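Shared between the two complexes below is chain A, which has chain B as its partner in the first and chain C in the second.
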Partner chain A sequence: MNTAAAERPLWRRLLGFNLLAGIVLGVAGFYFGWWLGHQIHAKSLAYFADTNQNDVALLLGYLFFPIGFVIGLGFAKYPLSRALGREPSHHENEEGGLGRYFGVCTDHKVVGMQYMVGIGVFFFIGGLNAMLIRAELLRPSPQLFGAGNYLTIVGLHGAMMMGVMSSAILGPFANYFVPLMIGAKRMAFPRIEALTFWLLMAAGVIFVSTIFFGGFPTGWTGYAPLNDQANFGFDSYIFFFALVGLSMTLLGLNLIATIVTMRAPGMTWGRLPMFCWGVLSTSGLMVLAAPVLIAALLMVAFDRSLQTSFFLTSGGGSPYLFENLFWFFGHPEVYVVLLPAMGITAEIITVHGRKKLFGYKTVLYTTIATGIISFFVWAHHQFVAGIDPRIMATLWRAKIRYTVPMLFCLAWFFNFFIGGVSGFFLSDTPSDVSTHGSFFVMAHFHYTIMGGLIFAFFAAIYYWVPKMTGLRFNERLAKIHFWTMFIAFNSTFGPLFALGLMGMPRRVATYASNLQPLNIWVSVSAFVLGASMLVFLANVLYSMVIAREPAEANPWRSKSLEWQLPTPVPVHNFDRIPVFDADPYDYGIPPVAPRHVPAGASGVAPYPDRK
Partner chain B sequence: MPEPSHFRRILILWIALSVIATPLVVILAAPGLPPGDATSEAAGQVTDNTVLLGIATPIAALLVVYFAYALIVFRHRGPEPDEGVAIRGDNRVQLTWIVATAAIVLFAAVYGTVRIFGDSGAGGGQGPNPIAKPSGDPLQVQVIAQQWAFTYRFPSFGGVETPHLELPVDQDVEFHVTSLDAIHSFWAHQLGVKADANPGVDNVAYARPTETGSFDIRCAELCGLFHGHMFDTGQVVSDSSFQAWIRGQQREFAPATRNLNPYNRGYLPHPERRAG
Partner chain C sequence: MNETAHTPDEALAEPPEVQERNLWLGVRVMAGVTIMFFLAFVFAYFYLRSLNNFDRWRPPSVDPPQAYGAAIVILFVVSAALFAYADRAARKAAAWLPAAGAALALGLAGCVVQAFEYAHLGFAPTRGGYASVFLGWTLLFVLFVIFAMYWVEITFATGLRHRHDAEAYVPLGLDAAAFYWTLLAVIGVIAWGILYLL
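Right after this comes the complex of A and B.
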């Protein structure tokens, strides 16, 4: 079947459900919505006549674009063939070469790789925006951008980062490794898994298109009443976050269903790897919080197009309602970033300390408790004090090996600690008067989010990508990347605490001239930070394309199941479902020779009998 | 070689580092911090930050010492298969940590609350019904934010509205912060005052300038296109210059004052318009 497909002529293969069709139908859908909106506009709503900006048309365009896109990609094939009474195939494009990566594929490993690249592109765009912001702030008065463009760039940067970071770890790594860790052959809902990825991509395209519609001056928070006043570029923001929210919700549901129902025999809750716990609690948060955001955004869309006034004082609505709904999402969002990162570092630090995770149960309960607490504002900063020490305790009398993933984990810890201490100042009300809304806050959340999330993200990349691609990274380039990134990161964001205290507000291109020297320092450091990402890209290019040195199957001598599989992992992961009969973190108890699972991995018990 | 007492070594190093670092931070570094001591509120914030830094320094020292020690002493040495010591969770260690962190967080919460009540709100906005007020009769100044400027209204001077702000020294000031449109935030950095300006809400904050000089005013909440241009410089002046200035303003703006709405704690926003 596969070979037959390959023999078809090129033009024949281009016809049918694929990325090309997705793009064509997506664009067609956009113009259809746009046209429809203008019909409505012309006929009934006189209100738009004076603004010359037809929000209805743009909103409908953005509504039909993703619909056309996913239909073109082939997501309608399965429900349609069911509706027509045909026998549907049970999976899509799981066999085959590189082509699988450019369409709907139900292999969770392919989706994981798709996410990895997709998220990378998002971070790249977000990072470029950050460079533009820092370039503007080299001078105390606006030089490069007008007021509107500057705010658009800040908003694009912030929203882009906040939108994808929630999927940054779940998308690539949870999709790829959760089934492998719990001994499953696939995710619970493989088609939905693929859908979440393509929705995210559609969201990204919509968001970037805001630059053709005048941008938006609201920052990533999009508060009322600014969101109603804003140009129609704000409609891109609405649909970006709504689609991201949809993608997050589906991703979370899928992961929960997978972890709850698809664990192999013997994978009891008490043996579930920490990473899976992090993923599970994050997914719970995402599923609860994201729909609220979607609802709030739809209400804004109605305010802007149908003349409702949910958030407008003039019509009896309330702008604070939007703020509250937004932070119902925004607060857990912070933990959505933190929890999987904690899962990753727990995995890596135990493996590298050759030591059992200290207090598995406590880490576990704090993980779950953090998830619940995150819905309440007051506990915002307590978790920092409460959780990190367990990772410290895990280092106690360990045998630490300094590999690149381990270095990233330690840096994560360091950054997160600084983020936590600064949060201590923000949570203290009197002190908050001078820090709130200033660059102090900026420094604080970049330390927690970038210092936390991005460092964990890279730790995961250096730890797991050798398994995903079967190729090893160049160690020297990786170390150069780490050290430049770590040092430049601190020299970028450390001084921002001082800038904030000295009176630098957020989201402005005009600042007091006595702050200029420090701002120049920060900008230059930020450019070095940007350059460190180029070192990483060079490493990817060199290691994965040019040198292509094969990686060992289990270079870290981990005992977790994913490492016992052959590299590359076979399409269906396991021939037979494995049976677990020991804990995942029994390091420090001999014997510890790495246990390779024979190719094909049939019915292995990865943690052999010790009770 | 018997295992040395890592615990005792870390303890000694930590105490030594804390004893040296904490006074250095508290005595030398902290008092110079912004926003300075131009008002009693600003000075109070510096005191708060000093106290918090005093607490944070030993905690930071513990982490630094522990990590430096662990990363150096517990690093991997020798031939490959080699494992750390299996230690299961130790309840005493966990308990100590939980109690210690809870105590610190509780202290910060109690301390913050006490300061807020005792110190006329530490310069922050307290909403329409302030709890912490200065004794005596403060000068009332209404701060009206709108896209994209602040104006100041003085109810005790015939409700005159001025585009710039001057304040008398050694006199408690009661700011009533409100907005006509979007959410803004009135931030007078050197005065240590920051209060959100919400449409229809009367947000009260206090400050008592203790020395003359200028201070920066900025909007601290994104309020649309020209948010970045919402800044000005205010002056703290002697009482007599203040009286002279405000009389001048009354004269200058007399025609405008007659046409203003009667003084009020909040004004209706403009009809909705697109301004972004």
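Right after this comes the complex of A and C.
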């Protein structure tokens, strides 16, 4: 923390633009919108006149909450100074100690860490909802929550995971590592980068608030006409996904600009690490797909507040319009979470196999083609990509090191293979007729999304967090985490295929009693899966708080640029922009020795032990 | 690298064209975002029009005031043209501030006229699919225009601060703002054609 800030008393440090002010102004903004909505609402807009509530008030409350929140955090200062004609700057609050993490900070590494913690919190909430779902399904009839609350919990789980977790890899890891990998000192638009994180946090808070307004019955897809008929709780869904969409769009825009324009000399397209290619492809999907989702959600908001009829058949609209618009976003969304995960596996497999990535260009073209093709199948979920065997071919005759990140990568292949193959049955019309809306679909997309995203997410955590924090994880706890998670994951979602084929429907708390034994099995497995996350949390606490063993600068002996920098990485990354003269996967003989670049070194050569 | 071994200015030094490149690309990506956003409304328009559920696509007397529509689109187009001229003039070291100021005034005037149109619309948003699309599209379009006007204002205000500089001054992002405002004006013309003429 800088000296001037440290000398100020605590009460002075709490005043000003920070998270506390953000919360205060956010709440004030919510009540302002709420008040405004009640001032302008007409009787026809009130669903329950006697409770003095209406959608206009709640929607305006949700609109002004994030506005007040980001103003309190300090995001309004710069736009105002620019409006007064002052010169642009790209650095703010980058050297302020812990305070950087609770306000606007333009250091991409701080934003990456913010994402890591913030997404972890919402991942925990989403996971907790999954545990509640499985607890309810221990018995064939509703016991714990009732049908309505069960639906809300299902919706909270699904939407939280699909919304917030879309940024699970791009948020923490792309923000943190892409500039390091390409030799840039910063992101192209650092304030926009910071804004994307805080918008996502505001979205999560808004979404959780649905429990105060009766929840919502639509599941994560929010289909019409349910979305128009739903109670006030659905308003939180609208603003949650709209803010998530806005955050994704800005994040994608920033990453595209960074990768395209800020690469260091020598970092040609042919040398760009696969992770960056995955991020670039995903960013392309995000900036093109998310705006359509935002538009669709605003149409829903208009239907619910201004009484338009975009999705009301009786008013000249159509619910199918929503489905088309939603899936124009929804299908690429699968690849939004998948492509960076593929990039991570490519990075980790080459490092741990000590081999050049097999078929770099083919993997690259597959990545790009997957992104493009995903746009053309929004009307029907098809198996367009599945696993790319060329990445696996990298392992052929490789000297594999079975570290924890590598284990997660191998599990990723296994899970995603099952997810991909089961997708065939859903893209085939006759079989889809019987499996659609059943637990078969649930099993498929959990293998695809959780198997494809979360396993890569944990691979990335174990791989990159030692570089981010300078501390190493406890290996034994990490392996316990992996094996319990992998076994429990398959034990949870494998039987769901059978349950689906036996006719168990999604989103219904009641099922035939002959399905109970299998459901008990699944629920117990799910609880073990949840417990595996506690093992991970225990490892985080033990390794990062108690043991605090320093990590090597390059524990995996990687040749990628981020590993050649000191740990933790300095504020502005490089003294001078590096010059690349090799590709990042040039592994082979002689093996790479661990190398530590001391603090103060400048002009870091990216792959120093080559040649 | 040691954080304390250099002054911040040295550490943050980067070629001046870096941010120009970022803005050049960023605004084009932003153009893609904007186009996709309004394509959703184009899709909604033709989809609902083709379905015409319960004959409620466009009941009789649901006609927006043509004069307001024409006035709005003319103001936006002239404003965008003036700002594009300002951009070119700035690059030739010619006077550009008057054109930029006029572009800002006309753009804001277009937003005000849009508000007047809502007050004299003659139909409610409840009057079928067309009314829904009309209201949603135009309302959100004006929000995008206000964002563009903010950008225009930034360049104008920065230019005002440097109006007495010895060397000709071109604000960072002037061409990006001009590109984006021109794009919005084109979308405005298309919206006018679809919503008022079809």
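FYI, the second predicted complex is superposed on the first by the 566 of 611 C-alpha atoms of A that agree within 3 Å, B and C clash if a C-alpha of one lies under 4 Å from a C-alpha of the other, contacts with A are read in each partner's own complex, and residues count from 1 in each chain.
Rule of thumb we're sticking to: a residue touches a chain if its C-beta (ideal position, glycine included) is under 8 Å from a C-beta of that chain, and two chains touch if they have at least 3 such contacts.
Just so it is clear, the structure is predicted and the values come from calculations on it, not from any experiment.
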Chain B and chain C placed together on chain A: clash or fit? fit
Counting only touches as set out at the top, which of chain B and chain C does A:256 meet: first, second, both, neither? second
First (chain B), second (chain C), both or neither: which does A:138 touch?
neither
A:544 contacts which: chain B (first), chain C (second), both, neither? neither
Superposed angle chain B/chain A/chain C, CA centres, nearest 10 degrees, is 100
Request  = Classify the contacts of A:128 with the two partner chains as first (chain B alone), second (chain C alone), both, or neither.
outcome  = neither
**Asked** After superposition on the shared chain, which partner residues are touched by A:520: those of chain B (first), chain C (second), both, or neither?
**Response** neither
Exercise. Of the two partner chains, chain B (first) and chain C (second), which one does A:208 touch, if any: first, second, both, or neither?
Worked result: neither
* To do: Applying the touch criterion given at the start, work out whether A:313 contacts chain B, chain C, both or neither, answering first, second, both or neither.
  => both
Between chain B and chain C, more residues of chain A are touched by B
- Query: Does chain B (first) or chain C (second) touch A:230, or do both, or does neither?
  - Reply: first
Superposition result for chain B with chain C: lowest C-alpha separation, Å, rounded to 9
After superposition on chain A, the chain A residues reached by both chain B and chain C are 313-314, 320
Seen from chain A, its contact residues with chain B in the complex are 51, 53, 142, 147-148, 150-151, 216-219, 221, 223, 225-226, 228-231, 234, 312-314, 319-320, 353-356, 358-362, 381-382, 385-386, 389-390, 392-393, 395-402, 410, 413-414, 417, 421, 424-425, 427-434, 436-438, 501-503, 505-510, 512, 557, 586-590, 592-593
Per the touch rule, the chain B residues reaching chain A in their complex are 3, 6, 33-35, 41-42, 44-45, 48-49, 52, 56, 59-60, 63, 66-67, 70-71, 74-77, 81-90, 93-94, 97-98, 101, 104-105, 108, 111-113, 115-116, 119, 122-124, 181-183, 185, 187, 189-190, 192-194, 198-200, 216, 218-229, 231, 269, 271-276
Seen from chain A, its contact residues with chain C in the complex are 79, 82-88, 90-91, 95, 185, 188-189, 249, 252-254, 256-257, 260-262, 287-289, 291-292, 294-296, 298-299, 302-303, 306-310, 313-318, 320-321, 324-325, 566, 570-575, 599-602
As the complex stands, chain C meets chain A at residues 1-3, 5-6, 8, 11-12, 14, 18-19, 21-22, 25-26, 29-30, 32-34, 36-41, 43-44, 47-48, 51-58, 124-126, 128-133, 135-136, 140, 150, 153-154, 157-161, 172-173
